């Protein structure tokens, strides 16, 4: 191939990141709260801005921020539904915006227990996990990916690691009883063509999170890979609306401390929780023949 | 005063910081887990190390780490009890160690719900707050300070801010209905002379945390200062074993978004959650005549 | 399409992440230091581990860590050269390892100035930026991507933003003189087929970093998009060995503070540096006809 | 002592934290930039706000923020001088404000090298360290404490650790050649009674930082304690205006990797840089008889 010396613009996207929006619904004394961190990014014909500094197509990132706040006035509903509304607005409102990527983190607030009951308007943030959502609009196709991160789980037994190959750099002893701990990051992609208006994304989220936790507990783990696959399989078996689920799970090592120099035994009771390095296990569990939709995953931070 | 030109060693302490110890108790199939981040620092006669590089008095920080792991073999019990055992060991074991400071963070793990019941050996980390503990040994006096941090709470109404002085730099409008949100950091000091072996620090912790949450909900808040004082007063009234409680609470501003340019009203429904700057309210609530024990607080990060 | 109900393993990779390796070269009194954070991930046939818990193919992540340390004994040279050696080792050593992804951050240490000269063995960490490198092995193809992140730059003038479209959500006023500030994250991909052994990756890095800084200074910026393209074009024009460069650059807003309520003017002198939200501008600058190599970028955190 | 059951307000302070102010001086084409993160906290009679929700004395934290921006219009000069002006304003402007605490971090920007010279209005952030300043006003006394943090230094040789006591928990082997690495956090207190208007705080800062770096390089280190004392002594000997200097320095362990299982030696060349736990060495170096001014240090995060 003869190399052209012409230098051109390739893939690009831009927008406003991390718009923190808190929506309070107060139509009764029992207030509701929705708390999101929203990023909006547009794709389309933005060549003139890059090559000539002509901003005629550049919907200001400030305008994108304003739109997010204005749309929140009518309620959020679910992060996915909110992002879908934004994606529809931006792609239908500007001819040259042919797609984009909208992303949200959302944070759960529990009602404070006060004098024996849940308070009407006082909340405490639940830090168990962060919920995530991504909507990607690519021409006429709309992809929805939901997920969670920072869900830290641990088993004190029923995990081992044996039977791995040994080469000249292998020193790890086998073990049939260890702590298994990880921070679950998972994202699941809803089927292309799903009727989004008929989907209860909040219910799917709650169900899938519960299945992931349950899947973590169930079997003896011969490898974190196996546990990951078990967790994903449970989700796909129960949720026909999901085509694939990706996981990125660190193996958070808990090393048994050698107490023998101090005249003590240590029958799997005292552990050192290490920071770095850590194992990192990443995989996709998917429905055979359902396709993989790489365009949906483009721009995801890391594996998922 | 005539200034001496002699340069000398002043206050000092040293040790091992952030020893991550996880203790599993597995005497039945229903495992228990205790998860701590422990720091040990010794005070005493360490002048020769600083001035001459003579380490004869320097109990190695590695030795301090080993001691923490060895002591965990017999169980933790409560972070406070564990730190008290360490403080007793180091001050009685080495003549020149006349005091020190031991600190711990601890992390709560909940049992995973699986198939309708709590699992025996699978846990999910509860991120609602981090529990803290400090033991300071100063000669024959032992101070115990317990606390929590990162407990994020929010009220959607029953908060206002009016009646403050106005000068040439004041532009803030008054409001009688706003969101009040803060991350509670609190530390409470147990009475000097308390019988530590007869104190159930875990129970005190749970009770005090519940009182802090309840105190946050109860009254209309004219200022975060008032809410802080209410929270502290509830604790001291119910817990005679506590002499003072200190708070450091950011006022996490939630600004009402002006939607009028878009033809929308905003009756306290859509807010922008700001990062910086933030208000910062810090105060001590104490029992009159009980004393303040500045030596106990020396070395605390910031106000508390 | 008839949907299969069979649930299968899709894309996957695993390894050891964030192996912190510091290599000191001390063959003369003037020591050299190389400081890296290395991640190794293997791709290939790992189905049995996921589906059956059979680890016969699972080169332990601990073994990968050991290999990194052992290989460092012979020196690092450049992060890219080091990762290439690792990739060659793992793909040639195990039949079922058909590819993988190796990544490094590296940190620069400057010699301390002491008594008028650079010290032989004392260093201070230079925090101006973090250097990054990725090697992706995909069958017989090897991709090398170098980059940097956290390079924070700012212009106090010669930047404006005008001529953007206005819709009902647009309130931003135009400006012809503003602060332009960003954290540069950039990654550039070396041409497929480049002779890696003949490439001086350290020199390319230094040159490209200098060009990026220079490119930021040169022209009036009508939009951050334009400045980004200028920076990328300079690199591609000067470095024939590079086929494309991707940028992810936040627009770190510096808002002019309205001092008029206090009887003061503010002729672009006093600014509030905001945290969130921020603009986020991401684009690729590439050589026409050189191809885009999506496999090389797969797994990159976010846009780049 | 008879315990009173009355619950009262103890020490308290409040204000606005982390006000990010960037000041550009553009009276010539060669612009100057000052970049600060300022916290203002007032002390005095604020009892009514805490006990009754009466805000008549509560100078709004928003007003404190506005004051910071308004004062920046006339220039910063040095962080210390800026904080002194704020402290004078708040304590003289409100009868019930009897003291307070003002704190700043400041960030250094270097001019970008472009086409062989330093650019007039384009800057790159220098991440070598963060400069800190604290002004405490306590009645008629004003304390000034300057400092730095995050200055990471490392020696590849001329450090050892031997001669420490051995007890039943000691397993650490002695070494006469190791890596010594630390993040220097230091704060120095200017003499009480110093004429602040005649003090060039910027020059003192530059000189003291250079002395700290030089002090780190000079002698064989028998313990980090000794190196710390050497560094402090150099500062006090050269700077009569400083009465004491406090250090908090982690011992950032670099463990020699055992390569013998792989048939390799390791003559102090390949190290694992550990995260946690770490040693933590904290001490004060002071001028004999100069006093210690505990009120100045009250509220400092941790030891210093």
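Brief remarks follow.
All chains are identified by letter, namely A, B, C and D, in their written order; residue positions are counted from 1 within each chain.
In the analysis below, a residue touches a chain if its C-beta (ideal position, glycine included) is under 8 Å from a C-beta of that chain, and two chains touch if they have at least 3 such contacts.
Computed from a predicted structure; not experimentally measured.
The chain pair with more C-beta contacts between its two chains, of C-D and A-C, is A-C. Computed from the mean C-alpha positions, the centre of chain A lies at a distance of 38 Å from the centre of chain D. Separating the CA-averaged centres of chain A and chain C is a span of 22 Å.
With each centre defined as the average position of its C-alpha atoms, the distance from chain C to chain D rounds to 31 Å.
In chain C, the positions touching at least two other chains are 20, 66, 70, 169, 171, 261-262, 275-276. Contact topology of the protein chains: fully connected, every pair of chains touching. Chain A contributes residues 20-26, 31, 33, 35, 66, 69-70, 72-73, 109, 112-115, 119, 121-128, 150-158, 179, 210, 213-214, 216-218, 254, 257, 259, 261-262, 264, 266-275 to its touches with chain B in the complex. Taken together, the chain A residues at the contact with chain C in this complex read 1-20, 37, 39, 41, 46, 49-63, 65-67, 70, 93-94, 161-165, 167, 169-172, 221-223, 225-226, 228-229, 232-233, 236-237, 244, 246, 250-251, 276-290, 292, 294, 299-303.
Within the complex formed with chain B, the residues of chain C that make contact are 168-169, 171, 261-263, 275-276.
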